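Look at the two complexes coming up: chain A is in both, with chain B in one and chain C in the other.
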Partner chain A sequence: MPLVTLQLGQCGNQIGGQLFSTIIEDADCKHTGVTKKENDNYLEAVNERFFVEDKHGKLEARAVMVDMETKAISKTRLDAKKSGKWHYPDKQQFCQKKGSGNNWAHGFCAHGPKAHDDIMALVQSEVEKCDHFDGFLTLMSLAGGTGSGVGAYITQCLRDEYPHSFIMNQVVWPYNTGEVIVQNYNALLTLSQLYLYSDALLIMENDKIQKICSQLLNIKHISFQDMNTVIAHKLASFLQPTVRTEGSHTRQNRLGDMLEHLVAHPDYKLLSLLNIPQMSEAALQYSAYQWPGLLKHLRQMLIANAPMEEGIDWNVRVSSGAIRNHNFSLANLLLLRGKDCNMADVSAFTEPKLYTDWIPSGCGLLEWKQPRMFCQYEKSASLLSNSQTPVTPLNSVLEKSWSMFGARAFVHQYIKFGLAEEDFLDSFASLEQVLKNYKDL
Partner chain B sequence: MAQIRDTIELLTKVLKDNGTHNLKAETFRLAKFDNDDAVSSFWRLLFELIYFLRYGIIDDVCVKAFSDLTKEELVVFVKREMQQQGFTSVDFNLLPADMSTGSRDLLLAFGWLMCKEGIIDKFMESCASPLAEDTIGLYMEELGDGVPDVLDDSHLSPRSRTDPVRKVKQLLWLNGKLRLSLRNLYALQRERAKLMHKLHQSTNGISLDPEKNHLSMLEVYMLRHPELLKKNLQLLEKDNIRLQNLLEWKSKEDIFWKWMESVLDAKIQAYEMAAQSELYRQEQGHALSQMTLDKKEMLQKSHDRLRDNIIQYEAKLDELERLWNSKKSNLSQEEVDNLLAAIDLDISLRKVSLALGDQPAAAGSSTSPLRLPPKEYQYTYVKKPSNQDQTSQTPSMNDPNQRKSLRDENKMLSDLKMKLKEEINSKQDMYRDQMNSLANHFEDVVCIPKRVNAVGNRN
Partner chain C sequence: MTQSIVVQVGQCGNQIGCRFWDLALREHASLNKAGIYDEPLSSFFRNVDGRHDDPLDIPVGSGKGKIKALKARAVLIDMEEGVVSGSLKGPLGDIFDYKQLITDVSGSGNNWAVGHKMYGEKYKDEISETVRRAAELCDCLQCFFVIHSMGGVFEMTQSIVVQVGQCGNQIGCRFWDLALREHASLNKAGIYDEPLSSFFRNVDGRHDDPLDIPVGSGKGKIKALKARAVLIDMEEGVVSGSLKGPLGDIFDYKQLITDVSGSGNNWAVGHKMYGEKYKDEISETVRRAVELCDCLQCFFVIHSMGGGTGSGVGTFVLNLLQDEYPDVYRFVTAVYPSAEDDVITSPYNSVLAMRELTENADCVLPVENQALVDIVNKISQALPPSNLGKKTVGISGNVKAASSIASSHGSIVKGPDEQPFDTMNNIVANLLLNLTSSARFEGSLNVDLNEITMNLVPFPKLHYLISSQTPLYASADMKIPPRRLDQMFSDAFSKDHQLIKADPKHGLYLACALMVRGSVEVSDIRRNIERLKPSLKFIYWNQEGWKTGLCSVPPVGQPHTLLTLANNTCIRHTFSDLRDRFSKLYKRKAHIHHYTHVDGMEVSDFAESLESITSVIQEYETLDSQKDIVPELLPRLQVV
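So, the complex of A and B:
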C-alpha cells in the first residue's frame, strides 16, 4: 500500500531524509521479537509502502523533492546515498536558484504556479509506479516560505488532480518564540489553506520536540538533526505496517483506513501524535516495560495534554458534568507494537468520557497492532489523536498574528506578490472557526 | 417395486447431504406400516425441513434447537408450522404429543411438504461450487459484526440527543465517514482492476477456457498454492457427488411418488378397516364426526352470511361506481382523498360491527363522516329497522306512523308474553312428569310437588 512522500522546503526535505533512514534502520533491526517469516512479511510491507526496487535491486524512496534552493536537497540525497541501503530516485527533484525568503506569498503566488507543471509531472510519474496508491504524505514546515507557501499551493493542486486520494500533511509548528518574524503569518495562511484541501494535518510542535530532546534524550546541544530524528521516529511509529484483525481476516493498516477513523468530520482535521517510550539508545538496553504501565502513562499524556512521558500532570482526571478539565478527543488511533501486544488491555481508551458527546460510544478508538518490535523497543505504543491538543498553539498563533496584522506590519510584503488584505481576513475567520470548534468539543 | 429400496436410500442420501440427520431406508418402510419405531425419526426430519425452509440451511443452531426442545414443544411447533404451510390433515393434527404413534401420517406429511415446497429443488439451488469466485456472502455476517448501530441515538448523552447543533455535528461526522469509506472503496476497486489487468496480461496465451485467452484469478491462485488444489479437489468431488445424487433422484423420483401413493392407499385401507370396528367409531370417530358436523354447520352458516353481506355490498358498490363515474370529471384530488378516507373508515366500522354483533351497523352509518354527494344521489346504510330494533330508535311522537308502530310493538310484546307463559306451563308439566317417574324408582320416597309456589308463579 504505497505512500508517495512529498518533501517540501528545507525542513520537509530534512525530515523526509530522516524518515526514510529511520524506516530502514527499523527494518534492519536485529531484534525483532518475531519469527523470520513474520519479519519477512513485515519487511515486504515496509518496502512496498515506502520504496521501489530499482534495476539494480536497490531501494528507491517513493518521494518527490521540492525546494527553491538546491542546498537541502543535495545534502539529503548525499546522506541517503552514503547509507548504501537506499537512495532517492533520479530526476524526481525540483529546485530553483532563489528561495522564497520566508515569505509565504512568494511561495504560494509566485513559485508555486510557476513550478506547477513540473512538480505535478514528477508526482504523476511517482504515483504511476504504485500498483495500489494509498495516498500522499506531505512534509513541510509552517514557518518558512517555500515549505508553507509552495506546500499549500501543491496540496491544492494534488486535491485537484487526485480528488479521490488521501492527503495527509505533516506540518512542523514553529517555536513559540520563533526564529522568523513573520512565522505566525505564514502559519496562519498555510493552515487556513491546508484546511480546505488536505484530509488531515499532523502537527509536530518544535517546542515539544525540543523538550523531548532535552529531557528524555538528554541532549545538551540540540541540533535540527536531533529534532528531525525525533519527528521521523514519531512518524515511522505510526506509518510502519500494523495489522488489524476483523473477523477471520487480517488487514494491513492503510492511510485511508486511519484517516477514515480520525478525520471523518470535515471541521476537525488537526492531529497530534503521542508515543511512548522514547529514549536514547544508551538507555534502551537497561529498560523494561509492561503494557499496563505504558498504556496508563499514554492515557494520562492524552488527557493531561502532555507531550511526553515525563512531567505529566497526574492530577487531571476524566470528569463528567460541568467541570471539563481534561483534553477531549474526537477520535483516537492506538498503535501497539512489540511483544504480547495482542494481550494489552486498551479499554481505558474506549471510555466514552474521553470523547466528545456526539461521537457514538464505541466509535472513538481504533487500534492496530504489530507483534514485531519497533526500532529495538520491546514494547511501544503510539497514539494518533484528533483532540484539543492544538488549541493552545493555534490560539497563540492567532493572537500574535492579530496583533501584527492590527498594525499592518509586514503586510505589504505579502501584497507585493498578489495577496490581498481580504485573504488575511479570510484566513483569520476560518482559523478562528477551527479554534472555536476544537474549544467546544 | 424392487427399485423402491434403492430410490429411498438415494433420498436419504440426498437428505443427509443437505444436513438432515441420518435416516435409514428401513425407517420409511416401517412408517408405511405405521410402525411406532419410525415416529421420532420423522418428527425430527420434519423439524429439520421446516428449519431449512425458513433459514435456507440446516446448521448447528438447528441441531441445538432440536436437542433443547422438549418432545411436546417440538410436536406443537411442527404441527403449527405445517398448518401454516397449509397442511390441514386432521389425523396429523391429532397425533399424540409424546411422539408415540402415527408414523404413517408423518410420512405422508413429509411427502406433502417435500412436494409442495419443492424441497429437492431448493437443495439444488443451495448447491454452490466451493470455487465460486464471488465470496461476498461469506463475509456478510462478519461485516455486520462490531459496527455499532450509530443511528440508534440511545448511547448519546441526553444533551446531544436534544441539542440540534450536536445532532447536526453527528450527522456531519457520519457523512464524512461515509465519504471517506467510499474513497477507500474506490481506491480498492482501482487496485483490484490494476492487479487483475496485470494478471490477465501476464497469463496471456494460456487458458483452460476456450472463450478466454488468459487464466482467471482463481486459476493463478491455485497455481501459486498447489497445496490448496488437493483440498479444493476434494470439495469439488464432494459437490459432484451431491449433484450426482440429486440428478439421479430426479430420474427416479416417480418411483418414490408411486410408493407414496401406496402409503396413502394403505392409510385409506386401514381407515376403512377401522371404520368397520364399532369400538373405533365410539372412541374416536364419533367425537370426531360430531365435531366436524358442528364445524360444518358453522362454516356453512358463516359462508351464507358472508355471501349475503357480499351481495348487500355489491349493490352499493355498483351505486358507488355509478356515482364515481358521474362525479369523476368534476372532483378534485383532495376531495377524492377525503372521500376515500371516509369510505375506509366506514368499511372498518362495518367490519367492527360485523365482528361484534354480526348486525349491520345501523348506527355507524348515521355518524359516518362520509362526504356524501348532493341530495339527489344520497343513499344511506340504514337498514329497514326490524321490529326489535324499533325501541332503540328515537321516534318522533308527532309522526302518526311512529304511533302506529308503537301499537304494533305493544301487541307483539303481549303476544310474546303469552307465548312465554305457555312455555312455562308446558315445561312445568314436563318436569313434574319426570319427577314422578324418578320417584317411582325409589321405594321409600314420596314426591310432593310444590304446588303452592307453582300456583303463585302462574298468577
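So, the complex of A and C:
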C-alpha cells in the first residue's frame, strides 16, 4: 500500500533522504534468509509502498519535499541521485529562499498560508500516483521554524483536504540542551497543533538517538548523518512490509491498521519506538541471537522505559496493586523480522498488567511477522508503543517553556507574525491535559 | 489562411520556441511530401528567394510552387547571447535571419526590473521595428504567440554592506578583501557561484553602467566582481583611498557618497545635517544596490560610535533602512570608543547614536577598540618573529604563519598598501565572515541570519551581542588533539577573547550562540557545552540557552574556528561606563552648543538619549539581579 512521505524542513529532508536509502539498502541485501520467490514478493511490496517506477524504469520516491531554504533539499536530492538507485520526482519540491529563522510563527502564520496552494498541489499530484493510498508520513523536527511551523500548518491542511486519510507525524524531539534556544516554544506550539489534526505522533528523541550512536554503535564523533541513519533504520524497521495471516488470507502491515490499533483513543496519540538489536556492521558478523533473549530484553526495555538494550534497569518489575512503577502501555505493536520469527513466543507482551486497566485483556498487542531478514540482521524486533515514555520529555518541554513564558521572553518575536499570548496559553492548557492523561494511565 | 507570429523571449522562451519550429517543420514535412509551399505552411513560415540580400517572399500563389527556403515568422529576443546564437548556428539556423534577432550580452540578472524597465526601454524601438517587419510580411495576421518564463531560479539570499565613516570604511574594505580571499581559496576555477553571489555581483564591465550576469547554471566564469556595498563618508580620504587601492575594482563611483568637509566629530552634524542633505542620494544608492539583489535578506551597517560621521550618518542610514525596508534584517557592527579615546565628544556621539541603535537595529555587535588592541598584542606575541618583526621571542614555536584572525596573508592588499589599523580591522572583518559563513556555505546545521535574532534577542531592546572568535591563530601542527579543540571552546568564554572589554563569566547569560566552522562534529559541540556549563551562569528561564551552528567550510588557513555570540548582562558595564563619561560632560553642559546650533537638533535629544541608554542598562541590571535570586515562578496550569 503506497505511502506518501512529506519531508519538511532541514531535519525532515535529511531524514527522508536517509529513510529512502535505508529502504533501498535493505532491499538490496544479499542475505535474505528466504527463498527467491518470497524475497521477490517482499521487494515488490517495498517498491509499491515507497516508490513509483518512472518512464526509464528507475525508482522514484513517493515524496514531497518542503523547505523554506534550498540548501537541504538540493543536497538531499543530489545524494539520492548519486546513489544511482533511486531519485526524487522532479518538481515535487517546494522551497523558498528565506528560511523561517527558528520562528514557529513565521512558518505557521506566514510561510505556510503563502505556500498552501503550491504545496497542496504537489501533495495531490503525488497522491494521484497511488492506486491504493495508505496515508501520509510527515517527517519534521519540533525545534526549528520551518519543519515545525510549516509542518503543523500543512498537517492541518492535509486533515482538511484528506479527512479520511491516515496521517502519521514523525517528530524529532530536540536535545534537552538544545540546538535552538526557542525550541521549547516551538515544540509546545507544534505539539498542541498536531494533537488536533494528526492521527499519531511518533517521537524520536535526539538525546536517546545520540546515546544509541555512542553506546551501541560505538561512533566516536557523532554527526547528524549518523543520527539520521539510526532514525531511518528505526522508521524502516516498522514501515517495511510484513504480513499477518488472518484466517485464510494474509494482510500487509498497512499504516491504517497500525494506527487503528495503537491509537485507540484520540487523547492518546504519542508513540515511541524500540528496536533490538542495534549494532555496528562490524559487530553484526560476530553476533548471534535467539528469540527468547531478544524478546526478554525488549520487554524489559518497555517496562523500564529504556531506549536501548544496554543499561536497562532490571529491577523494574511488572507489579499489580498499589505500587505501580513500570511504564504502562495503552497498546503495543510488535514486529518480528528474520529467521524463525513464526516460532517466537510473544506471550510476555500480552500480559494484562503491562497495560492500563481499561484495555480489555488480550487486546493490547498486535504482532506482525516477516521471515525475511531486515538490513542484514538475522533476527530483529521492533516495538511501536503507545505508552508513558513521552511523559518525561513532555514535562520538560512544558516546564521550560512555561518558565520562559513567565518572563515573556522571546514572545515578541512570535507576536510579530500574528500569534497572541492567548495562543500560547491555549497550547499550554491542551498539552498539560495530554501530560496528565498519560501520567494517570 | 491567416498567419501568426511567434515572439520568443529569454532563455526559456527561446529554447521552447526552437523546439516548436523543429516540430512544426517535422509535421509539415510528414504531410507535405512534395515539398510544395502550401497554405498550411504559410501560416507560420515564409517562403523566400534566398538569392537576394533582403530575401523576398514568394507567395503561395497557385499552391504548386516548390519550397525555396523557409523562414520562420518569429522574433527572437534574449538579453544573453547564449541560446539565441546557439540556435542560429544549429541545424535550425537557416530558418531565422539576423534581422529577426534582438540580443544583448549581459542578461537581466534574474531581475524583472532590469528586463522590463531597463532593457525594455533600451530596445523599445528595435523590438517595435522587428515586429513590424514580421507583421508586414503577413497578409492577414491573426495572432502573436509570446513565449517566456515567469521567474529565474536563484538559490541564495543576498546581503548588502553599508560602511559609514572612516572606521566603517576601513573595516568594510578589510571585509571585502578577506571575503575575496576566502572565496578565491575555495573557488579555484574562478566560477561565479552561489556563495559568491551573496555578497558580490558578477558584471560585464565593458558597459558604462555594468550589467549583472546571473549565476545561471553556475558554470559561468567571473568577469568582474562588484561588491554589494554602499560606501559613505563625509571626508574623502579613506573612501577615495580604497577606490585607488588594489580593491578599487570591486567598487564603482556610483556606490559612493562622499562630502569633503567631515562631521567634526559631531553626531548632530552627521545625523541631522548631512543626513538630511544626502537623504535622497543615500536612498537612491541603496535602492540601486537592493534592486540588484533578487532576495535581499540583510543589511550590514558598519560604523564607529565615537566619531561624527560614523555615528551620525550611520544611524541615519539605519533609520532610513528601517523605514524603507522594514522586512530586511539590519545588523550593525558598531565600534565603541575606549575610555581613553582622544575625541572629547565621543561619549556624546556614542550615547546619541545608541538611542538609534536601540530603536532601529535588529541586532548590534559592539566592538571595542581596546579589546581589539589587546587581541592583536596577544597574537603578535605568539607569532614567530619573522612575521611581524617586532617580537623577538615567540611563546609558541609552532604557530602556523598567516593563520591568525588578524592576518591578511594571501589577500589582495599587500605591503605598502597596508594600513595601520588593518590587523585590528581584520578581526572585525572576520567576525562578519564567520557570521555569514553558514548563510553562504553548506553545513549540516545551517544558521540563517534571522535565526540569530530569533534565538538571541529575548526582549526587543536587548539586542546587543558580545562576540568572541577562537582560536586566534592555527597551529602548524596538522594533527589537532581533541584537547586543542576543547581549548578553542574554553577560550571563547574567557574575557581575553571578547571583542569588547567585558567578562561574560561574571555576567548572566540570556542566550548564547556557538557558530562553528570546519571539521567539528555536533557531538564535539555537545561535549563542550556540557563541560563549560558549570562555569557559566544562565538565566533561570533559559538554562539551556544554546544555539549551535555548523558550517563545513573552514576559514582560510584554519582547520576550524568558533564564533560565539552572547547576550550577556555584563555588557551593561560598557554601557554604564559610557553613560558616566557622558554625564560628566553633560552635567557641565560642555560642548552642547556645538550640537544645538545644528538645525533639527534639540537639547531634549540629550536627555532622551540618556534616558534610553539608562533604560537598557536597567533592563540588563534587573535581569542580572535574577542571577542568584530566582523570582518565584508562576505555578503551571492545572488541569482537571
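Note that in this section the second predicted complex is superposed on the first by the 441 of 441 C-alpha atoms of A that agree within 3 Å, B and C clash if a C-alpha of one lies under 4 Å from a C-alpha of the other, contacts with A are read in each partner's own complex, and residues count from 1 in each chain.
FYI, a residue touches a chain if its C-beta (ideal position, glycine included) is under 8 Å from a C-beta of that chain, and two chains touch if they have at least 3 such contacts.
Predicted model, so just to flag it, every value in this text is computed and none were measured.
Taken together in the superposed arrangement on chain A, chain B and chain C fit without clashing. In the superposed model, A:Lys55 makes contact with neither chain B nor chain C.
In the overlay built on the shared chain, the residue A:Lys97 is in contact with chain C alone; chain B does not reach it.
Of the two partner chains placed by superposition, A:Lys37 touches none, neither chain B nor chain C.
Geometry note, superposition on chain A: angle between chain B and chain C about the Cα centre of chain A is 150 degrees, to the nearest 10. Looking at the shared chain after the overlay, A:Phe166 reaches chain B, while chain C stays out of its contact range. Of the two partner chains, chain B is the only one that A:Ser361 touches; chain C does not reach it. In the superposition on chain A, A:Thr70 contacts chain C only, with no contact to chain B. In the superposed model, more residues of chain A are touched by C than by the other of chain B and chain C. Closest CA pair between chain B and chain C after superposition: 12 Å apart. Common to the chain B and chain C interfaces on chain A is no residue. For chain A in complex with chain C, the residues that touch the partner chain are 10, 14, 69-72, 74-75, 97-103, 145, 175-182, 210, 214, 221-225, 398-400, 402-404, 406-407, 409-410, 412-413, 425, 428-429, 432-433, 436.
Note for the complex: chain B touches chain A at residues 139, 142-143, 145-146, 148, 150, 153, 155-157, 159-160, 166-167, 169-170, 172-174, 176-177, 180-181, 183-184, 186-188, 190-191, 194-195, 198.
Here chain C touches chain A in the complex through residues 154-157, 295, 297, 442, 444-446, 448-451, 453-460, 510-511, 521-524, 526, 529-530, 533, 539-548, 633-634, 636-639, going by the rule given at the top. On chain A, the positions that touch chain B within their shared complex are 131-134, 164-166, 199, 246-248, 254, 256-257, 259-260, 263-267, 352, 357-363.
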